[in-house]
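A, B, C and D are the chain letters, set down in written order, and residue numbers restart from 1 in every chain.
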Amino acid sequence: MYFASDNWAGVHPAISTNLSEKAGGYASAYGDSDFDRTVELRFNQIFEREVAVFFVGTGTAANSLALTLVAKPGGLVFAHREAHIVVDECGAPEYLSGQLRITTVDGPNGKIDAAQLRRQVQRSASSDVHSGRPNAISVTQATEAGTIYSLAELDAIAAVAKDFNLPLHMDGARFANALVSLGCTPAEMTWKRGIDMLSFGATKNGCWCAEAVVLFDVTKAAEFSFIRKRAAQLFSKSRFISAQFDAYFHDGLWLDVARQTNSMATALAETFAELDLARLTVMPQSNEVFAVIKKKTVTAIKAKGAVFYDWPAPSDFELADDEQLCRFVTSFATTAEDIGSFRSTLQEVAIEQ
Amino acid sequence: MYFASDNWAGVHPAISTNLSEKAGGYASAYGDSDFDRTVELRFNQIFEREVAVFFVGTGTAANSLALTLVAKPGGLVFAHREAHIVVDECGAPEYLSGQLRITTVDGPNGKIDAAQLRRQVQRSASSDVHSGRPNAISVTQATEAGTIYSLAELDAIAAVAKDFNLPLHMDGARFANALVSLGCTPAEMTWKRGIDMLSFGATKNGCWCAEAVVLFDVTKAAEFSFIRKRAAQLFSKSRFISAQFDAYFHDGLWLDVARQTNSMATALAETFAELDLARLTVMPQSNEVFAVIKKKTVTAIKAKGAVFYDWPAPSDFELADDEQLCRFVTSFATTAEDIGSFRSTLQEVAIEQ
Amino acid sequence: MYFASDNWAGVHPAISTNLSEKAGGYASAYGDSDFDRTVELRFNQIFEREVAVFFVGTGTAANSLALTLVAKPGGLVFAHREAHIVVDECGAPEYLSGQLRITTVDGPNGKIDAAQLRRQVQRSASSDVHSGRPNAISVTQATEAGTIYSLAELDAIAAVAKDFNLPLHMDGARFANALVSLGCTPAEMTWKRGIDMLSFGATKNGCWCAEAVVLFDVTKAAEFSFIRKRAAQLFSKSRFISAQFDAYFHDGLWLDVARQTNSMATALAETFAELDLARLTVMPQSNEVFAVIKKKTVTAIKAKGAVFYDWPAPSDFELADDEQLCRFVTSFATTAEDIGSFRSTLQEVAIEQ
Amino acid sequence: MYFASDNWAGVHPAISTNLSEKAGGYASAYGDSDFDRTVELRFNQIFEREVAVFFVGTGTAANSLALTLVAKPGGLVFAHREAHIVVDECGAPEYLSGQLRITTVDGPNGKIDAAQLRRQVQRSASSDVHSGRPNAISVTQATEAGTIYSLAELDAIAAVAKDFNLPLHMDGARFANALVSLGCTPAEMTWKRGIDMLSFGATKNGCWCAEAVVLFDVTKAAEFSFIRKRAAQLFSKSRFISAQFDAYFHDGLWLDVARQTNSMATALAETFAELDLARLTVMPQSNEVFAVIKKKTVTAIKAKGAVFYDWPAPSDFELADDEQLCRFVTSFATTAEDIGSFRSTLQEVAIEQ
């Protein structure tokens, strides 16, 4: 009953196997081998156009370096108050860009409210050199709240980006989960919506360590190659990342894993709903379930072996004194049996209390 | 006949196997699992004292972040003119520290001359705020020239560091190769010599991606944990690095691999010496051989399938117009058969020319 | 009728005269002359203890470098939402520190609410490496809203700083205005309250260009001297700043100017109150008056020659569609005649509308 | 007998007077007044074309920010080994650019050797992402050795810049001294030679604090305005700099002062030559004289009241054990009487020894 995070689950067997198979023989280092190139080209197919792809080691690196690429002196990045780049990256975007400032925008369910975004961008845009200037907008898809921007919601944000001529970044740490939830194509969820730079995450969806920055403006590729190397994110034996992506994309593994993972989250949410032991903040659309649970219930569930995190409640969140916000995350390793065991655990606790 | 680089050789089978075996089950992310902790503790044994260990993704990250830890405003780092941090890291040390300047020191065979180092440090130390101040010294062991600092040579450099109260960093991208070449213990080559911070490389010696910053002053550990995370070098599924180090250290694999790799470089050097087709710049002490070869010979050897790099000659290097400096690197995958094939190739070329 | 800003007013005659008198003769450069030293020592008298003083060129430099001195990787600075470092410095604190992040705190009348500050610091303090860590607190005295923290209010904020072991910075761009408003000593408003670093501004109160960073922990002086030089804020002919401070402090000029300037702001506020043409957001305690005025009235007043800025309303500010927030600032050059003229102008407009 | 530095001499009376005259009245802050604009426009006349001008506070700021404007990830700046940006700015260029690396080039008399420059740029240009890339070239005119690049020498360096498509920066801390020494126009010494960015210094030539970045590509102006503000170099009462430049340019004051200052240096050099007490390293072409003097003579001269600096000898400099390199700098305040007194002093010492 491990629901602490999708990165507690190790690596998917198919990916592990491919990594072993690609272990031998000689190949050019630093991403220059034919194999690396072949895997990179897979991204063109996936996105139905030419893209520039750069493998990096962590999602924090992908986000920070994508924003560094477009960073301007005095620049402001607009992101949701609960965005990963705001609350979970130890200042990497500010540090690696050398200067960026992030202005937070509100909005329900972890999603930027486009109207408020427009007002905030407008306010900075009308100002002079003292206040700096709008520089970029960043959205997370799936969001940190387990929700998904609809295509229309992305369009509304992209319209602000376009009106103010701002690059639009998507933190896709859970890209596949969002994709299968929406049931659209990668192209439809990104560049057809106006996304300029994508942090394409695969680690949380079953890889060891496979993240990529995808640039839809390929003329930026040469510049980004220096940005990646300068940030110590160019791996010498780059094929260990390529091998992961190779297996990830093979026969649609990435989508299958995401679908299964999402369905386990739905099952978990339904379990909560049936047993009436928790109040969901929103129905999960990806693989994260946020539930408000009585503190004594939390203690009891954990005592029976369930692993999950208490989660800091957003500042505008209403919580009774005896309640706790909890986060449950499913992964490729989550099985129907796990959900069943957790359901039994909940039932036991319900009876006891 | 692949002698391009030790990072062209994929991963050692024993390491690949261990990575597969550690792939399943749940474990705390971000280096917090028991398994991560166990592997970290292995470093204490190896260094015969308590050390603070931080896994990172690349050697460039290890070097840059170790120097960032001690960076002072206006600080100067002293390193050899051909050091990796000077010529091969795209400015990562300056960038990640936000300011460091590297002052290059000369010395034969890729090694800092301690007397000249002392003069250069002295010159800056006697200056005021305008010139900045000495901040750290960095040595590479084994050096970028394939040579090894003797313990006495390290002592001479450490004496300068001590006299000027400067932290001493060792870039150990080829740490194991140096260790078996000297035949001393890790402790004797590092903290017993006065090394404060070590970039402990394992990637070039058979791992996929396993580098560590080792701090001999464990009171700096808390600070460094923020430095690593802020630089996007904290991996969520950290056990994929731990699993590599676990196998690397098992039953002395790392030392066996290094010994074998070094012996192949020696065999290569002897082959050159016997056949009189190349002038070695220095006898190899680790796994790199630098040879001056007639350009037409280089062309002929490459045409027969040997893979190696032409290498930029240091600025004080004498080279005839028809000569080329070449670098040959051996790895865990290099076999006696490879050397034999190369020897045959050289003989064929010798006959043809 | 110039109320645009206190930095529109040139330099106070006494300061200009002293600058001329100190223009000739030879003196050591870069702040090393006896005269520089004498002026620096005046700060010890003013603060009734030994302090370290560093002259810099702008208030933005003073704030950013004071925060840079204490910056830690992943560090968060807490400041009021409308603080100068947040909205008016083009990202200089983030840039010059290379990484700092500013988390904004709310509170009425431009002042941080200590209880909310404590909650926000607490939330970050209980987190791990991902969220970074609290690093410093910055208050502005007098605030950007023209108000003053009482000594008790400073104590409440200092208590948070102390409880979480955070350095406490004061942006004193209008230090003198605050001081005479409170009627306390410089010591009472700073280190006796727990302030660690002070941006001591004199430019807005009658100097050309005279700002200082005052450190109450003098052991930090050596480090800061490199921080200042590295940031290009060490002036070669430093005595041109010293000469300004010399006159500024002579015979209490700085306090006299501040008293007079504040009194003009009070007179302006009273004029508004009497004529009922504006709604003051708060009664001025320093030399800034913020008034909500009907847009058509604003237009009429400006047409008659009054110079002042429309001001962006804070995001939680209620404003009718036909209203405008306006800022009026008095300076050493503001006279009772100016106020009288402005009063007449207002009366004319009142009659016309 | 003050020859320590040109920045020991305070301010020229005409400049001081103008500063007093411009002290009163109201004017827009932050460089937006009509007066600021008028002074900026004078630069167009001086350079015979449209230029973008940005006043800053120090020469270090001018140099660092000009280089920051063009800085690229992994970029290398080529400058002379003894350049001010290398040895006298405490790492400000690296820090303010966030990453720049300076590669030093040799050449006699403080001047870059164009042929060697070409070789060094070529070496980096042919390399890959690991070594970074050439980014800019910086020359100092007049040089730190008191010499002047001829127009032909500048052309040779500009040819390298052009061939490798690199921006060319001129550190003109002693711009006027160089200009009158060459007897050419500002245009001829800068953009007609291929200079892209100029640090235009006036402080050393008689101002208090008046430096400017001059961009010959005016399309960069908008970007630079953020770079300046972000670096805390935008002064609120900017007219105090404008007033200095206003007087500086009035009736050719700047050129008159430079001519007089240079002639005093020549007189000083001739005095040394006549009395045979010193060996000049090169005949001065601007206002700095570098002389090798017996240590006991140095002591004797100083004992009689002459003020000048012992100077660190460049690393390739031959100096006997009993010799000292000394620097003598003349300024607007240096008079023929000063030279006469110094001559008498030297004569006395010659007799005594």
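One rule holds in what follows: a contact is a pair of C-beta atoms (placed from the backbone, for glycine too) under 8 Å apart; a residue touches a chain by one contact, two chains touch by 3 or more.
It should be emphasised that the depicted structure is a prediction, and the values quoted were computed from it without experimental measurement.
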Fewest hops from chain B to chain C - one hop per pair of touching chains: 1
Reference chain A; chain at largest CA-centroid distance: D
Separation of chain A from chain D, taking each centre as the mean of its C-alpha atoms, in whole Å: 51
Averaged-CA centre spacing for the pair chain B and chain A, given as whole angstrom: 35
Chain centre separation in whole Å, for chain D relative to chain B (CA means): 41
Of all residues in chain A, the ones touching two or more other chains: 30, 73-74, 89-91, 95, 98-99, 129-130, 132, 226, 229-230, 234
Chain A residues touching chain C - in the complex, by the definition given at the top: 73-76, 87-91, 94-95, 98-102, 123, 127, 129-132, 312
Complex interface listing, chain D residues touching chain C: 2, 4-5, 7-11, 13, 16-17, 19-20, 22-30, 56-61, 64-65, 89-92, 95-96, 98, 203-204, 208-209, 226, 229-237, 239-240, 307, 333
Chain B partner contacts - residues on chain C that touch it in the complex: 30, 72-74, 98-99, 129-130, 132-133, 223, 225-227, 229-230, 234
